[in-house]
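One chain, subunit A, appears in both complexes that follow, with subunit B as partner in the first and subunit C in the second.
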Partner chain A sequence: MDYVVYLEPSDKIMMARVELKRLTADVAHQIFAEILQAASSTQALAIDLATVDFMDSTAIGELVFLGKKLRNGGITCTIAGLKPHLMGLVRMMRLETIMHFSEDTDAGIKGLVNKLKIEMPNS
Partner chain B sequence: MNSDDKTLMLEIDSRLDCVALVGISIRALCLEYGADEMTAYQVQTSTVEAVNNTIIHAYSNQSGHPVWIRWSLADKRLTIQVSDEGMTMRQLPPDIEPEPDAESGRGWWIMRQWMDSAEYMTDSGRNTLVLSKSISNKH
Partner chain C sequence: MRQAQAVDAMQILIVDDDVAIRRILAAMLQKWDFDVIQANDGEEAWQLLQHQPVSFILSDWMMPQLNGIELCRRLRAAGLPYYIYFILLTGKDQSDDLIMALEAGADDFLTKPVNAKELRVRIKAGERVLRLEKALLAQNQALQQANQELAASQERVQRDLQAAASIQQDLLPSSPQTGLPVGLAWAFLPAEELAGDIFNFYPLDERHLGFYLIDVSGHGVPAAMLSVHLAKILSPEPRPDSLIRLPESPLNTNQHTDSTGFFNLRRQKRTGPAIRMESFRSPVEVVTRLNGNFQADDRNMMYFTMIYGIIDTQSGQGSLCQAGHPYPLLCRSDGSIESLGEGGFPVGLVAEADYEAVDFQLRPGDRLLLYSDGVTECVSQENLQFGTDRLRQSLCDARRSSLQDAMEQIKNALVAWSPRSSGKISFSDDVSLLAIELSAES
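Coming up: the complex of A and B.
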């Protein structure tokens, strides 16, 4: 499994940057479980998936599961940096109706700051 | 078979970490033989969904079983056959759009949306899903 998850824990907005090309059935559960565990004490979470070129439906299901867990835990989340063809898949699945997606991490964090009315990280 | 027709057979073990190899190969073949980027992506995704289903459902996610993938191109029509000798599907999933908050059940819907046809058949203990798409189609 060739992936790296970089976590920047924070009690306000936690960053999770996932580095891999293909987010698929063999790795998706493990990656999102790592992120979920690390996010337990944050208010908000930005997940950067900018390096991902390919996602299958199992990974999408795992993303939906993660979103539900975060929502139930009162954690606001944004998925940042998905490539245009993957955003097409997201729209086809109507995931935008249940999850927040942002163009990149900066836009995602700004959106979270505005929504939660908290200070920008590192400001 | 016309001399311009092309066929490639692949075989992998029933392990999810092998599926990416299939997807990469199928995408490259599609691009090489005239499909545009979006068509190649759609065929790659549909093939990965078919192979995932075989491993997860037909073989209950157990390794050590063969999955065969046959890619062919004839008259600008791509056909991908995914075959196994595992459990046979008794009933195909309904052709309805999954709810946005569904945690599973999207694979067949993607295949039906992005391929011209997706047909499942079984013969003498071998199950085969046949995916077909014209590469002259634009999305």
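Coming up: the complex of A and C.
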């Protein structure tokens, strides 16, 4: 399955944009491992999943685990741009109570800036 | 050393009706450590080859009975299981002769009188070809052997999967009869031989029905093994590891109570012996305990969504715990449909998860539908999901049919929705449906 992960590393807020339609067990572990590795020296991370139409249960589990690892590493994370039906899934699993979700990357970055009281990237 | 060389020496068949030439060639070949056998013409060579496989032939062209070209054609047409390198010796030296010889299947062509050095290098070239051919043959045999072993292994795995699937099927309900005044119907369409979905229902006592539907993340053997294990520990039979029943003990006044007071209420109304009321755990406690026992980790990314619930079939009062599972649908007898619950953490993802009880009231004719996400996420040929709205509509449309028929109608709608692969229906995820209806006489 083809996917692209665009990474914009930064020591403050790193952005990761995942481009694929179906985030499933086949690729989820690898994608999140790449993001985790790239995010090792950042303060905060915004993961843009706006192109994703479908997430299987394993991918959801991997996302929750990524969130745990980032939290343990002191990295604040937001998941940006999830489509409404996937946000419905998130709410059904109450994941919005343990992870931060934002409407899009801009909103996610603003939220991270406010939370961490740091400068806006590229400002 | 010399002896060993003789044993390993390549055998060459010289075919020539001229005895003198045969002797000269034989002397040369033996000097070069080849093992030589001889035939007087093509026919004699053919007969000899029937019981003595030789992979190198030096043959004259012009011979009585069967000439060199015909011998070569016959050998190639015979489709022998090993290759014979064939050098044609002849006084002919025209290019047409060369073409004819090569077209007949000869590998090389030498004009007489034979130059010893030239013959030597051409035999060496032939030896290289035969060595490559032999190595290729050995590799092919090894591949064939490996293929056979792989096919046998695949057959064994397939048999094991079918046996495991059969065991898993045995854990699903076999009859809707529980002895309680409820109707029960279900549908199960696994995506593969082994499923990650499992569900069941059972009487907990003379008025309470316990039920669950579980969807283990992922597919295949690991998901199926976990689902089978869960079916065992959610079994109503008195077992030391049963999560459903409390260990046999005197009346336990500290039993967990749902926030709604469901179990307190039951205590006030109960008519049976107290031990019966105290013998099973509330849905929230069952799910909380499961979450304490199963936590996914990096090595084992497995968790599950589930609904476990209990219905008092006499009062119609029910309570369930929703752990990341799709919202159950309650179809009232007037056709209105309610969605129950507000979600909850899947089991195994969040160690510190708190779960909530979802209370509901079933009236006679009302139907409660539990389903896995394989139902709503069932994708059509046009890549459209079946979705909750379509499921609600199907449930509503089928409300006047018997529960069993209604289930069949929903199942048929899903089958019609799903794409066909090579004429077979294919689901990308397990599809499970469990419906409960309170009987009118309850």
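By our rule, the second predicted complex is superposed on the first by the 123 of 123 C-alpha atoms of A that agree within 3 Å, B and C clash if a C-alpha of one lies under 4 Å from a C-alpha of the other, contacts with A are read in each partner's own complex, and residues count from 1 in each chain.
One rule holds for everything that comes next: contacts are C-beta pairs under 8 Å (C-beta built on N, C-alpha and C of every residue); 3 or more make two chains touch, one makes a residue touch a chain.
What you are looking at is a predicted structure, and each value in this text was computed from that prediction instead of being measured.
Asks: Is A:73 touching the first partner subunit B, the second partner subunit C, both, or neither of them?
Replies: So A:73 meets neither subunit B nor subunit C here.
Asks: Now for A:61: first (subunit B), second (subunit C), both, or neither, which partner does it touch?
Replies: both
Asks: Decide which partner touches more residues of subunit A, taking subunit B and subunit C as the two options.
Replies: Of subunit B and subunit C, the partner in contact with more residues of subunit A is B.
Asks: Touch test for A:92: subunit B only (first), subunit C only (second), both, or neither?
Replies: both
Asks: Quick check on the superposed pair: does A:29 touch subunit B, subunit C, both, or neither? Answer first, second, both or neither.
Replies: In the superposition, A:29 touches subunit C alone.
Asks: Which subunit A residues contact subunit B in one complex and subunit C in the other?
Replies: After superposing on chain A, subunit A residues 25, 54, 56-58, 60-62, 64-65, 85, 92-95, 98 contact both subunit B and subunit C.
Asks: Quick one: which bits of subunit C touch subunit A in the complex? Just the residue numbers, please.
Replies: Residue list for subunit C touching subunit A: 215, 217-218, 296, 298, 301-303, 305, 324-327, 343-346, 349-350, 353, 373, 377, 385, 429.
Asks: Would you tell me which residues of subunit B are touching subunit A in their complex?
Replies: Touching subunit A: residues 15-17, 19-20, 23, 37-38, 41, 44-45, 48-49, 52, 56, 97-98, 100-104, 106-107, 110, 113 of subunit B.
Asks: Once bound in the complex, which stretches of subunit A touch subunit B?
Replies: These residues of subunit A touch subunit B: 1, 22, 24-26, 54, 56-58, 60-62, 64-65, 68, 85, 89, 92-95, 97-98.
Asks: Under the definition above, what is the set of subunit A residues touching subunit C in their complex?
Replies: 25, 29, 54, 56-58, 60-62, 64-65, 85, 91-95, 98
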